[in-house]
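Look for chain A in each of the two complexes below; its partner is chain B in the first and chain C in the second.
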Partner chain A sequence: MSKKLSRRTIAQYCANQIIAKDDLIIKKLAAFLVDSNRTREAILIVRDIESALASSGTVVARVVVAHELQASVEAEIKKFIAHSTDATKVAMQVTTDASLLGGISIDTPDHRFDDTVQGKLKTLRANKV
Partner chain B sequence: MLGSLYSFAQASSGDSVFTSIGIDWKILIFQGVAFLVLVFVIAKWVMPPLVKAVDDRQKKIEEATEAATQAEKNAKKAEESTQSKLDEARQQAADIVATAKQEANAQLEASEQRAEQKAEAIVTNAREQIEKDVIAAKKALHNETIELVALATEKVVGKTVDKSLDNKTISEALKEVR
Partner chain C sequence: MSELSVTELSEDLRRAIESLEKTEGLSTVGIVTRVGDGVAWVHGLRDAGFSEVLEIESDGKTVEAFALNLNEDEIGAVLLGEDSSVKAGAKVSLKGTVLEVPVGEEMLGRVVDPLGRPLDGGPAIKAKKTGLVERNAVGVMGRKSVHEPLMTGIMSIDAMFPIGRGQRELIIGDRQTGKTALAIDTMINQAKQKSGVVNVYVAIGQKLSKIARLVDRLKSEGVMEQTIIVATGPSDPASLLYLAPYAGTAMGEYFRDNKGHALMVYDDLTKHAVAYRQMSLLLRRPPGREAFPGDVFYLHSRLLERSAKLSDDLGAGSLTALPIIETQAGDISAYIPTNVISITDGQIFLETDLFYQGIRPAISAGLSVSRVGGAAQTKAIKSVSSHLKLGLSQFRELASFTQFGSDLDEATKKQIDRGQRLTELLKQPQYQPMSIWEQYVSIYAVSEGIFDAVGVDKIKDAQAAVLTKLWTDYKKDMRELNKGGKATDEVNKLIVKAAKSAAKGFEG
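So, the complex of A and B:
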């Protein structure tokens, strides 16, 4: 009976493959998870992969904004993430959510930056006694 | 006996010194003897019972006087005793009244104190309640203000912020954080 691989081991392997530019690694991972009946761990494994990539200098950041970003602003955001995380490479996932009203939210494996209007209103509402 | 005496006197009467001054010595003797007999009779039969009666009466009077004196003494004694008892009773009554007054005053003071304490407690409670109400009102006002500001901000920002303004704001925010 084969030993169950830990999430960390799987994540580290996938991260190494991504850095080595293996385009099929994600499909392989998906197949592995289905085969080993571990599909529920998918999200956790993805986060572990992101953490492993961040340790190697590649940061995956989820960026949420209220309006479409201009190219210059996107570049500024990338610069900001690279500076904050000491990353050599930054991969951004940008999504738009109008309910944020304005501002930006940046999520990396180790940091969270919330400068949205909705976030500020939440903080304000949290000050209710 | 008297008749014979009278006859003897008539027979032997003659003129003497006694007749010169108008005294008949025979009648005188007779009257003397009669007197003596009368005295004897009175002394023997009348005086003793009379004296006894007088003595008895005297004795009774003395007894009555003594009884009256004793009764007077007893009455005086009784009066003195009654007076002293009355005095004692008056004194006791005065003491009771004084004690009752003292107790009434003490009760009145205690009631006043209790009423004062109750009033103070009511005032203190009212003050505390007012303070609590003020604090609650301040909290409610604080929360309402926050909510109103948040709603107003949502409405205003939702309408005024467009893509370019948002991008500009994001750029400035990133510069500030750096």
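So, the complex of A and C:
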């Protein structure tokens, strides 16, 4: 019986293939997960691939803001993420969520930056102030 | 109600809001993938260290956990709170510290949980210092051999199996044989003798009613002011039961490291091992003998190695440990008992048979031993107790043989008579620890044959009469004897004279 491959090993291979522009890699990965009955791990493997890509200089960041961003602000955020993560390339997915009330939240595979009003209120509540 | 300071409260709020203004850069986060049975599996957080504290976000509050399994793909973390409030997908961040508990004089007289949170309904503990829950034991050069006595006040222990400050002496026996009672008496004796030793009682999975009774008793005996109780009940998560002895030790170490002396009572390490087994099995560590994990020896050795007598350079403080182990049907060769026996510097073995014969404390003279305490025994007690253990062991063996016949030679008969009186004399009620002079006089009187004419059933009355007479007539000499030095011939003569006259009323 072959040894179960760790998620980290699979993710590292996939990240390398993505960087090498192997267009079929996502389909191959999906087939592998179905074949090895590991489809439940798909989300975690995607996070691991993003993490592996980040260590190679490509960061996938999910940005949530309360109001629509201007192009100049978006460029500034991209610059901030690149600077904070030592990334050479930043892929940003921006969404708006009015419940944040204000500020910005950035999620990368292994890090988070929460400067939202909602987050601050939560901290206040957790600290029972 | 305590008075509230408006300025202080407003300052608190201002500080809290100011701290919100500062947003640090990107912080490392992971997510909970699975949770259940007090264990959370976390994806991400590759920078996490062993035993590091994690903060899991859940419904507006934070649940703490500590990382115990660092696998390639995920982290196994043991929750310090209820697992019902932690959900899969919750964000997890590193707190940046390992586990710490508040330590210091402020803890005295308090009942706390293993995280140092008060359980006694008292005010919040404002300790100025914290101590690491997991900490390396003192090295070889930082130690000194055990040489100062830690009087338990229990005559059979102080005479036959003396305990020194910095020693680890195991109390082992079946259920309901008086293990906890021995430890409590020792704690009470520290207050009665004003030894300056701080007690730290660690209740591991004990019934809360039992802990409440203990607190009441310690309060009524005036011991609570120099005692810290770290309490965990049977319904607490296994993680808290696991942490309790380490947290208690951290609190005791504060006194040890500040030139003080502390006594640790771990009640009991069997339950501790069971809690660790539960955690380990849930963390999917491979089970070994009796399903305990492979490192169950290290679990207790690293805990008990922290009890030590420090060198003069480090302040000469001490931390003495009385771990308790419960056996099943007197089997001391089971896994956990043999482990702890091999770690400690001796054991007090309590026998069920003796207990039900009315011999209490039910200490087995043959199976009990103190490996290092001899050097710490007071000169007074040492001078009268040298043959006590051997004599008592021989008597118990002889007594079992004589059940089959009555044709005994004079020497054997005499040995049995003396043994019966000695056994009777060593019986001691709970919560009545004896001081050095009381122990010395009692043993000396028996070994000099003063009680030979007293009936076995009247020995305790005769002993009480002798002690009362000596305390009434020769208080000054007895106070001197209580310092532990060797008794002079004059004092011995006084004792013989007083004992003979007092014992006369009980002869026949």
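By our rule, the second predicted complex is superposed on the first by the 124 of 129 C-alpha atoms of A that agree within 3 Å, B and C clash if a C-alpha of one lies under 4 Å from a C-alpha of the other, contacts with A are read in each partner's own complex, and residues count from 1 in each chain.
Just so it is clear, contacts are C-beta pairs under 8 Å (C-beta built on N, C-alpha and C of every residue); 3 or more make two chains touch, one makes a residue touch a chain.
Everything quoted here is computed from the prediction, not taken from an experiment.
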Exercise for review: Mind working out whether A:101 is in touch with chain B, chain C, both or neither, as first, second, both or neither?
Suggested key: first
Review point. In the superposed arrangement, does A:85 touch chain B (first), chain C (second), both or neither?
Key: second
Review point. Between chain B (first) and chain C (second), which, if any, makes contact with A:71: first, second, both or neither?
Key: neither
Exercise for review: Based on the superposed arrangement, let me know which partner A:109 touches: chain B (first), chain C (second), both, or neither?
Suggested key: second
Check your understanding: Is A:6 in contact with chain B, with chain C, with both, or with neither (first, second, both, neither)?
Key -> second
Check your understanding: Counting only touches as set out at the top, which of chain B and chain C does A:47 meet: first, second, both, neither?
Key -> second
Exercise for review: Give one of first, second, both or neither to describe whether A:124 is in contact with chain B, with chain C, with both, or with none.
Suggested key: both
Practice item. Please indicate which partner A:24 is in contact with in the superposed arrangement: first for chain B, second for chain C, both, or neither. Key: neither
Revision key, fill the gap. Chain A contact set shared between chain B and chain C covers 113, 115, 124-125, 127, 129
Check your understanding: Tell me, which parts of chain A touch chain B in their complex?
Key -> 65-70, 72-73, 76-77, 80, 83, 101-104, 113, 115, 117, 121, 124-125, 127-129
Practice item. Under the touch definition given earlier, write down the residues of chain C that touch chain A in their complex. Key: 12-13, 16-17, 20, 23, 25-31, 33, 43-46, 60-62, 72-73, 91, 93
Check your understanding: Once bound in the complex, which stretches of chain A touch chain C?
Key -> 6-8, 44, 47-48, 51, 84-85, 106-115, 120, 122-127, 129
Revision key, fill the gap. Contacts from chain B onto chain A in the complex sit at residues 139, 142-143, 146-147, 149-150, 153-154, 157-158, 161-167, 169-171, 173-174, 177-178
